[in-house]
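Chain IDs A, B and C follow the sequence of writing; residue 1 opens each chain.
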Amino acid sequence: MKVLQKNTIYLNIIIYSVIILLIFPLAVMFMWSFARSWPWPYLLPQDFGLRGWKYFFNPTSKALFTLFLSVLLSLIVTIVTLVLSIPAAKSLAFYNFRGKAFFEIFILAPLIVPPIAVAMGIHVQFIKLGLADSFLGVVLVHLIPSLPYGIRILTNVFQAIGEKIELQARVLGANWWQAFIFVTLPLIAPGLVSVGSLIFIISFSQYFLTFLIGGGQVVTFPMLLLPYIQSGDRMMAGVFSSVFVLTALLFFIIVEKTIKSHYSSREYFYF
Amino acid sequence: MDSKLKPYMLLLPAIIVLLGIFMAGLLSALVQSLGYFPVVGLKKITFEYYLEVFKNQDFLKSLFFSLYISLTSSVAAVIIGVLLAYLIVKSQYKEGIETVLYKLPIIVPHMVAALLIFNILSQSGILPRIFFNLGIIRDQSQFCNLVFDKNGIGIVTTYIWKEIPFVTMVVYTILNNLNKELLEVALNLGAKKWQGFIYVALPLLMPTIGSAFIIIFAFSFGAFEVPYLLGPTYPKALPVLAYTAYTNPDLTNRPYAMVISMILTIVSVILILLYTKFFRLLNDYNR
Amino acid sequence: MKKLAIYFILLLFLFSLVGCSSNGQGSTKSLEEKTWKEIVETARGTTVNFYGWGGDQRVNQWIDEILAPSLKEKYNVKVNRVGMNIDDILNKLLGEKQVDKKNGSIDVVWINGENFYTAKKNGLLYGPFTKKLANFNKYIDKDSHDANYDFGFLIDGYEAPYGKAQLVFIYDSAKLSNVPRNYQELLKLAKENPGKITYPAPPDFTGSAFIRNMICDIVGFENIKDIEPDKEKVKEAIAPAIEYLKELKPYLWMKGEAYPATVAQLNNLFADGEILLGMSYTPYLAAGKIQTGDFPETTDTFVFENGNIGNTHFLAIPFNSPNKEGAMVFINHVLSVEMQASKYDPNNWGDLPVLDNSKLNEEEKNVFENIKLGKGALPQETLLSHRIPELPADVIPIIEEIWMENIPKKGE
């Protein structure tokens, strides 16, 4: 018994050291956002200042507004992606049809073809369609990196729950949307949450596609952030990066909390 | 609804989007890589640019540099990620904070990850500061540079940091649902713990690990932000080379940018084929 | 499911229609015929989209908090600042040119040098327009080299000056008592302090300027200013400078095997005490950085005894700007005494003014003289008397190429 406990301690030490290594850089970045002066070789900033945070909260910098717009954009992208992915994933999970293998590959293509290879061509097409420099255009182009994840992961989710329950509901007299809303949706909800969160992050982090298609008329948060990383203003980069990470984290927590409370009260519905 | 058409109808909306946006972009890149770029007076279809690029030493160096970065970082991330997942499953407090904490890097975008690693590894970063305060080094210059270096250590570290949690998350989900009885049977039959892991768990995990590897490999191969922010002056990673040619003020350079993009694409397509093969393997295991 | 797909397609079409129908209608009188007064009237109530580099919080803040409110108050023109690299701006314009998009989204671009050269050559700019601007006619010395040539390239009224910049070296007087006054002394300093000197790698703007500065110091500006953009000829002309950089290389930071990718990284190295010299194309950067606490109080700046390279940065209007009147009002206001002076103040930005001193009245001169430059700043006279013009824009990529082929790769 004692040996086992000792093992557990070792195990925990390893786990926690890896986790600390993963978290540590984030803590350093957060510290930089307050560091007015942090010369070599000090381990902690020598002087603190709020220049970065003041600029961030100053209404003329439009940083807060941009953050809000970014969250809204990513939410819309997430919803549209899910709406498109659910039927597609269902098709790939439950049906055998001619060309299925081709579609499977085709859907994954954007995941692996580098965005730089397609962005310019998309840009030209979008200008022709009047979609460039518009919110809608940015939403549409964000679907490209999002859809492969959405469809692929939801396909696995559908495969895991199986088709039978929805069919049973149909047999019992429910029409397709009743079956979907009351049977399928609750079943895939946990999967939807994790896919949705992932898509939100993908859309929220997009830089290259957004600035090319949005053309500066649709400004998202990463577009404010990158110039500061590039120019090496470590305080500003720290502030904007911290806001970025905290927003994403907050989003995750809210989604998970609401879904969980929602479901614990409704669990009887599907079992 | 006609049941034969139904799967196609379900797929249609997503396919329209992908076809209309993604394929249009890809085709336009292909046409430009063949030298058709009428705005600057290039109208002849030719393979010249491909030949020229392949003869170029800088390009070949960049290609190998990119392959090296992706391979090293993906292999390391997969090994550490799988081990971490295994350890978390084995540890007793499975619902503890660590199952949430380790996922944090997933939500950090790559450009921020680059900044984080720069803050740690550069010659004025936290790591050399710690070494200095421990008395291991006496001067900044004694700390060998780990960002902007020819070995791409900064880039590789950034990718490893970013991808470990991804691998862990994917593997953890599968590992947690894995048939535990199988492992226990093996252990009861006298197998040591590591034997149980290597001979029982690992083979069952292989398809998942393989597809995770392909995803992160392909991503790091095609992404430009991290090598752009942390890479050496020479050789440049392939996506950075493409981007530099793409933004060159001399617009007749555009076909070269597109040739490099197409080569990135071709390498990636080969990866897709491998990827789907792994998925088929995965499905075979599930059956 | 079928319905969903149909809705979706309908939705797509609907949106693309909305996108197309938002084209503006042309005004009755063409812009070329309008007087300045009419231009100001037309611009009233409009928004100007200003695109330019967004990596300096102080510059952003000057535009957002001083220039924009002042334009709003005086001309009722709103400013929408968009931070974007010039490469990306040109790419966007090029894409629009490709499909002949008449109604763009950029009204004013912050531009100069080779980018201006490319943009003008490809018809991406509107012009000539500068002669329309009231303040341009009033305050700018139209015969000066700076007002006619941008990196040796004829301006032709396609861009108006925004500010002047000059390469300066930054050092900490507490660590370095004797600053190098020419290239030999710089080499000596590097040999005495191996690993403590470096410069940003081109195509970083400042890194590229540093190399040109060394070329001018070694070869002499007069001997290279009229050179043809031919690689072999340039190679021959700058050979002594390349030899010099090769000699310098082993004594550089990281033994010259790597260079900071941007000037900001270089200055971070300087701020952290990793290297002895920082540099900036913004002559009062150090003064500002002392105030924000990034640089130590003992920081100061210097230029070579034979001068440092300087250039002017400009504002231009894209060919498809939807609000050219607003753009002109914007640029005109940037050329006012009030804006040039507040831009000159190192507390705000610290960018050299472009107005001709002899065209200012006493009161206006005083506005500039009353600005306190503070620590770490060279007076405007010192900078202007040690100023070498930029080399022709088309030679610069060739120099960068030669550097790339000879310096970082060698020894592999």
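FYI, a contact is a pair of C-beta atoms (placed from the backbone, for glycine too) under 8 Å apart; a residue touches a chain by one contact, two chains touch by 3 or more.
Just so we're clear, the structure is a prediction, and the values are computed from it rather than from any experiment.
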item: Greatest separation from subunit A - chain, by CA centre; value: C
item: Interface with the most contact pairs, given as the two chains involved; value: A-B
item: Geometric centre distance via CA averages, subunit B-subunit A, whole Å; value: 17
item: Chain centre separation (subunit B, subunit C; CA means) in Å; value: 36
item: Sequence positions of subunit B contacting 2 or more other chains; value: 6, 9-10, 13, 124, 140, 229, 246
item: Per-residue overlap in subunit C, given as positions that touch at least 2 other chains; value: 1, 4, 8, 85, 88, 91, 98, 268, 272-274
item: Residues of subunit A touching at least two other chains; value: 40, 84, 87, 120, 123-124, 230, 234
item: Subunit B - residues contacting subunit C, complex; value: 1, 6, 9-10, 12-13, 16, 39-40, 123-124, 140-141, 145, 148-150, 229, 231-234, 244, 246-247, 249-251
item: Touching residues (chain side subunit C, partner subunit A) in the complex; value: 1, 4, 8, 15-16, 19-20, 22, 49, 51, 53-57, 60-61, 64-65, 68, 82-85, 88-89, 91-92, 95-96, 98-99, 101, 105-106, 262, 264-265, 267-268, 271-274, 292-294, 296
item: Residues of subunit A defined as touching subunit C within the complex; value: 36-37, 39-40, 47, 49, 51-52, 55, 60-62, 84, 87, 120, 123-124, 127-134, 136-137, 211-212, 215-217, 219, 223-224, 227-228, 230-234, 236
item: Subunit A-touching residues of subunit B, taken from the complex the two chains share; value: 4, 6-11, 13-15, 17-18, 21-22, 24-29, 32, 80, 84, 87-88, 90-92, 98, 101-102, 104-112, 114-117, 119-120, 124, 126, 128-130, 132-133, 140, 161, 164-165, 214-215, 218-219, 221-225, 229, 239, 242-243, 246, 258, 261-262, 264-265, 268-269, 271-273, 275-276, 279, 286
item: Complex contact set, residues of subunit C against subunit B; value: 1-2, 4-5, 8-9, 12, 85, 87-88, 90-91, 94, 97-98, 114-115, 117-118, 122, 195-196, 201, 203, 254, 257-261, 268-269, 272-274, 397, 404, 408-409
